[in-house]
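You will see two complexes here that share subunit A, one where it goes with subunit B and one where it goes with subunit C.
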Partner chain A sequence: MSEIKKIKNLKEFSTSADRFEGANLLCPGCAHSIIVREVLNATNDDLILAASTGCLEVCTAVYPYTSWDASWIHIGFENGSSAVAGAEAMYKALKTKGRLKQPDRTPKFVAFGGDGATYDIGFQWISGCFERGHNMMYVCLDNEVYANTGGQRSSSTPIGASATTTPAGRISYGEKRNKKDMMAIMAAHGAPYVAQVAPNKWKDMVAKIQKGFAAEGPVFINAMSACTTEWKFAPEDTISISDLATDSLVFPLYEIIDGTQLNITYRPKNIIPVRDYLGAQGRFKHLFTKQNEYLIDEWQARVDAKWDYLQRREEASV
Partner chain B sequence: MEKKGWDGFEIGAMLRTFDGAVRDIATTLPENRPYSQSSSFTASVADWRIEKPLFNKDYCIDCQFCWVYCPDMSIISRDKKMIGIDFDHCKGCGICVEVCPTNPKSLLMFPEQKDEESALAEWPKKEKKADTEVKED
Partner chain C sequence: MADTIELRDIEVWDGNMAASQALRQVQVDVVAAYPITPSTPIVEGYAGFKANGYVDGEFVMTESEHGAMSCCIGAAAAGGRVATATSSQGFALMLETLYSASGMRLPIVLNLVNRAIGAPLNVNGDHSDMYMGRDSGWIQFGAYSPQEAYDLNFIAFKVSEDHDVRLPAIVNQDGFMTSHTAQGVHTLSDEVAYNFVGDYKPMNDMLDLDHPVTHGVQTEEDWHFEHKARQQHALMTAVLPKIQAAFDDFEKLSGRKYNIVESYNMDDAEVAVVCMGTSVETAREVAEEMRTQHGIKAGVIGIRVFRPWPLEQIAAALKDVKAIGALDRSSPHGAMGALFNELSGSLFNTETKAVLTNYIYGLGGRDLTKAHLVGIFTELKANADALKPTTPLQQYIGLRGPKLSFF
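Coming up: the complex of A and B.
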């Protein structure tokens, strides 16, 4: 068994040598790379990585450069998960046959995908990987929109957000469907570990990633990735927007172990109104008009109901 | 090093991040890694910036918030100390300045042309909050 890297505090964490390189072409202030480097820094083991098509893939593998200091592959929009699952299956087969060149090393298998590749396009493939029980981690970089192709709505886009295919205007208030509950769906696969993380809570995030690496079987991590371009806020505000999201409980941080035991890992000291979170982003600007104001109250009611539900589930541990 | 053109690479070939073998990348610091010309580490996005962060180590408490939240691996920390900024890879987003908890901030944004000496000379002084002494953690 490999050792779990000791990360007691931020100073200790800062001695990590990054395996994700700069001069990638992600936007200034993009949360994707904050998340990716935390995932990669959470372990000292070898990494076998794949990415589905999306911002992360197109920006980190721009010809003739690669930003990855680990084995990394990209195939298609839908199959980042199956690429890693295939590598993992081969690793297992070689291990059984005793043909591994470095049998003492214990590589970690991680697939990255955006919310488009996870919630919509790659869903069937991820579901397959989880059903087959590969020993891998799938990290969804959830920025609630197809940011790479110009901001089309995905099934992760929340109600009221203005996206290029669901634009807000005189009649429409933007996206009309609620966000898909991917966490519940992945937990229903019986995965040993499913967790929701946000980049502003680095310690919570690293702890969950390490738990995920230690778990045997498929692990799903849903990481909120604030998108400065499509959520329309200034690049320096990425962390403060993430703070607003976690403190207003729009994006609660919790984990589900073995599909049943739900633990809330972050309870904000002061819960702030959802209005503050919505008001900080340009994609919700149109909600602050007389005719759309009722949507903000609906938002608040939805977030409160969800928080109630999570707390009840945690208490009942079912 | 001479850069290969688009037709200099083999079709379907792997891009190797390093020239030669690295035994354990996770414990090798960037300055000891033999980066190849295919690694974006050898490229620069310095021309993306209109403003750059400058670092004043007199006020720094080495909390490493800037390190952990930097999206571009541009905060250089060695032996638990923040020692500087990697201006080849910094895109000037300003997150490091936002998350800096000291008073005054030990990182501030300046126009790209600003030289470090004059920036340090005009660094703002500590802001006193009325009555209460500001505690630096």
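Coming up: the complex of A and C.
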């Protein structure tokens, strides 16, 4: 097994990036680039990368430029998982046949996809890759909306959010469905490691990425990616919005090992009301009206119930 | 190292086993596939080789045909020999990714066992799937028998992987009529077969860790056109000469001669049919009988390379005939058949005065009988004598119920 990279502090961590260039077209304040850097910087090993169609893809590989200093492939919206699985299969074949050009090096295989590419259109392909047990990591950059195409709802869009295809209006409060529980679904595949991460909790993220890289088999990482454009907050507030998400427990940080062992990895010292998280974003602005305010109470109740559920699972070690 | 198999000089194989054996002999590095009738035995055969140590590449049984081709693309970009097989609905499902494979200039060999596309659902042979892929940027070969399905796989790998080509290739064979009909197949030894194709030579391979590459970029109005133009340039200039060279090499090796356009009895032919797949063999037999029993100088053009379309060779092969029947085994759905249109395009700026008519036949596995072909040749002779169409331009052959024809 390859050596785990040692990271001393944030300054060293944030300046060690050399495989994902700052020269890209992502929006100022986009969490995608922070997450990608944190994932790539967690290892010194070689990387073979894939991306599904989406913000990350269209902003980092516009011919004749590329932001990637590791091999990278994009095919379509739904099949970033299968692209990297195919590359991983080729790696195994060439290793068996003794035809690897650098036989002493063991690359890691990582696919990135947005929540549209993960929760919706690419779901079948990801499920196939996980069932087949490819040695790969799938990172969902979860900004809860089809941001690349202008803010349409996905099955990750949370209830009450205003998206362009579920707009809040005179008689509608926006999205009507709860966010799909992708973590539970991926854990149910029996994956050796499934974890939820957020870019503001970088130590937690690095520990999980390193655990994921050390695991044998398919690893799923759901990374909360605050979207300045579609969540409607100022670009400089990305990390503070992310703090509100993790400290209100709207986005709890936990891991599931082998589909059966759930561990909570971050417990906020002061739990913030969900209202504060919602109030900081334009996509929930319409909830703060007399006719919709009951939804904020429902939100809080849902978050409390989920947190209770996670704690009960952790305590029961299941 | 994978074990070899001592083949007899002649094996009794159907088209699926012939294709499966060819994939084994060239020692594909990654086969990613999904089963679908009638191509399923190709991947079942390959799985059997894997289970018994006759191949040591990876065999990925995906969750769908789209996933299969997606894995093939990732594997090919990683840098090695890649193949798959499918039919019909499965081919339709992977269609999006076929454009990706060719646009990314990745050599992949796809055995397409031709089958109708529903609705209504149908498992039998016609050329609807082959036609669906014709603008996808893949080279397309046509086999008429298990022997040809075997041989053309070697040709396909050799041409597809050539660094001047770097385009994926389809080997078509007729569902059931070829894929499930056992015939004698002259084999190559494992060593000879492998050496004909040779070792895979990677290019822009993702697994060369010292030279990272970016595959599948975004281009808009600034560069998209230039990329597509280069792809077309390679298809139109590099591929046919490479195919011819591979045919020549293969003939030296095996004694079996393939041609970009397969002409039969064409030297003095007055009338000719142009067709693909197993119909070519039936048409050849009937053409012979037209000469001996009906006094009609009949010939047959078999399409061996459907893409790139060999426009000049087709025009040359048909330059002296007076009447041509284009036989299309796919519903044109609101137009003349594709072969009719290709032939029109090939002949329009030439000196020919030939009368060209279109026959739609064999949809969903309906037989094309010798009697049908006698009728077609007889009609073509009437067209040749009249120097104008004596029948509607498009006729449905072998259809039950009232006669269907247009124009």
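By our rule, the second predicted complex is superposed on the first by the 312 of 318 C-alpha atoms of A that agree within 3 Å, B and C clash if a C-alpha of one lies under 4 Å from a C-alpha of the other, contacts with A are read in each partner's own complex, and residues count from 1 in each chain.
To be clear about the criterion, contacts are C-beta pairs under 8 Å (C-beta built on N, C-alpha and C of every residue); 3 or more make two chains touch, one makes a residue touch a chain.
All of these numbers come straight from a predicted model, not from anything done at the bench.
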**Q.** First, second, both or neither for A:Ile34, with subunit B first and subunit C second
**A.** first
Q: Check the residue A:Glu57 against both partner chains and state whether it touches subunit B (first), subunit C (second), both, or neither.
A: second
(Q) Tell me the contact category for A:Gln124 with respect to subunit B and subunit C: first, second, both or neither. (A) second
Q. Touch check for A:Tyr294: first (subunit B), second (subunit C), both, or neither?
A. neither
Q) Touching A:Asn44, do we find subunit B (first), subunit C (second), both, or neither? A) first
Q.
Quick check for you: in the superposed arrangement, does A:Ala70 touch first (subunit B), second (subunit C), both or neither?
A. both
Q: Give one of first, second, both or neither to describe whether A:Ser240 is in contact with subunit B, with subunit C, with both, or with none.
A: first
Q) Which subunit A residues are contacted by subunit C in one complex and by subunit B in the other? A) 46, 62-64, 66, 68-70
Q: In the complex, go through subunit B and note every residue touching subunit A.
A: 3-4, 6, 9, 15, 17-18, 24-30, 33, 37-45, 48, 62-65, 67-74, 77-80, 82, 86, 88-95, 97-99
Q: State the interface residues of subunit A toward subunit B in the complex, per the touch definition above.
A: 10-34, 37-38, 43-46, 60, 62-70, 199-200, 202, 228, 234-240
Q: Quick one: which bits of subunit A touch subunit C in the complex? Just the residue numbers, please.
A: 46, 48, 50, 57-58, 61-64, 66, 68-76, 78-79, 82-94, 96-97, 99-102, 105, 107, 124-125, 127-128, 131-132
**Q.** Residues of subunit C touching subunit A in the complex
**A.** 29-30, 32, 56-58, 60-64, 66-67, 70-80, 82, 96-97, 100, 104, 205-210, 212-219, 223, 227
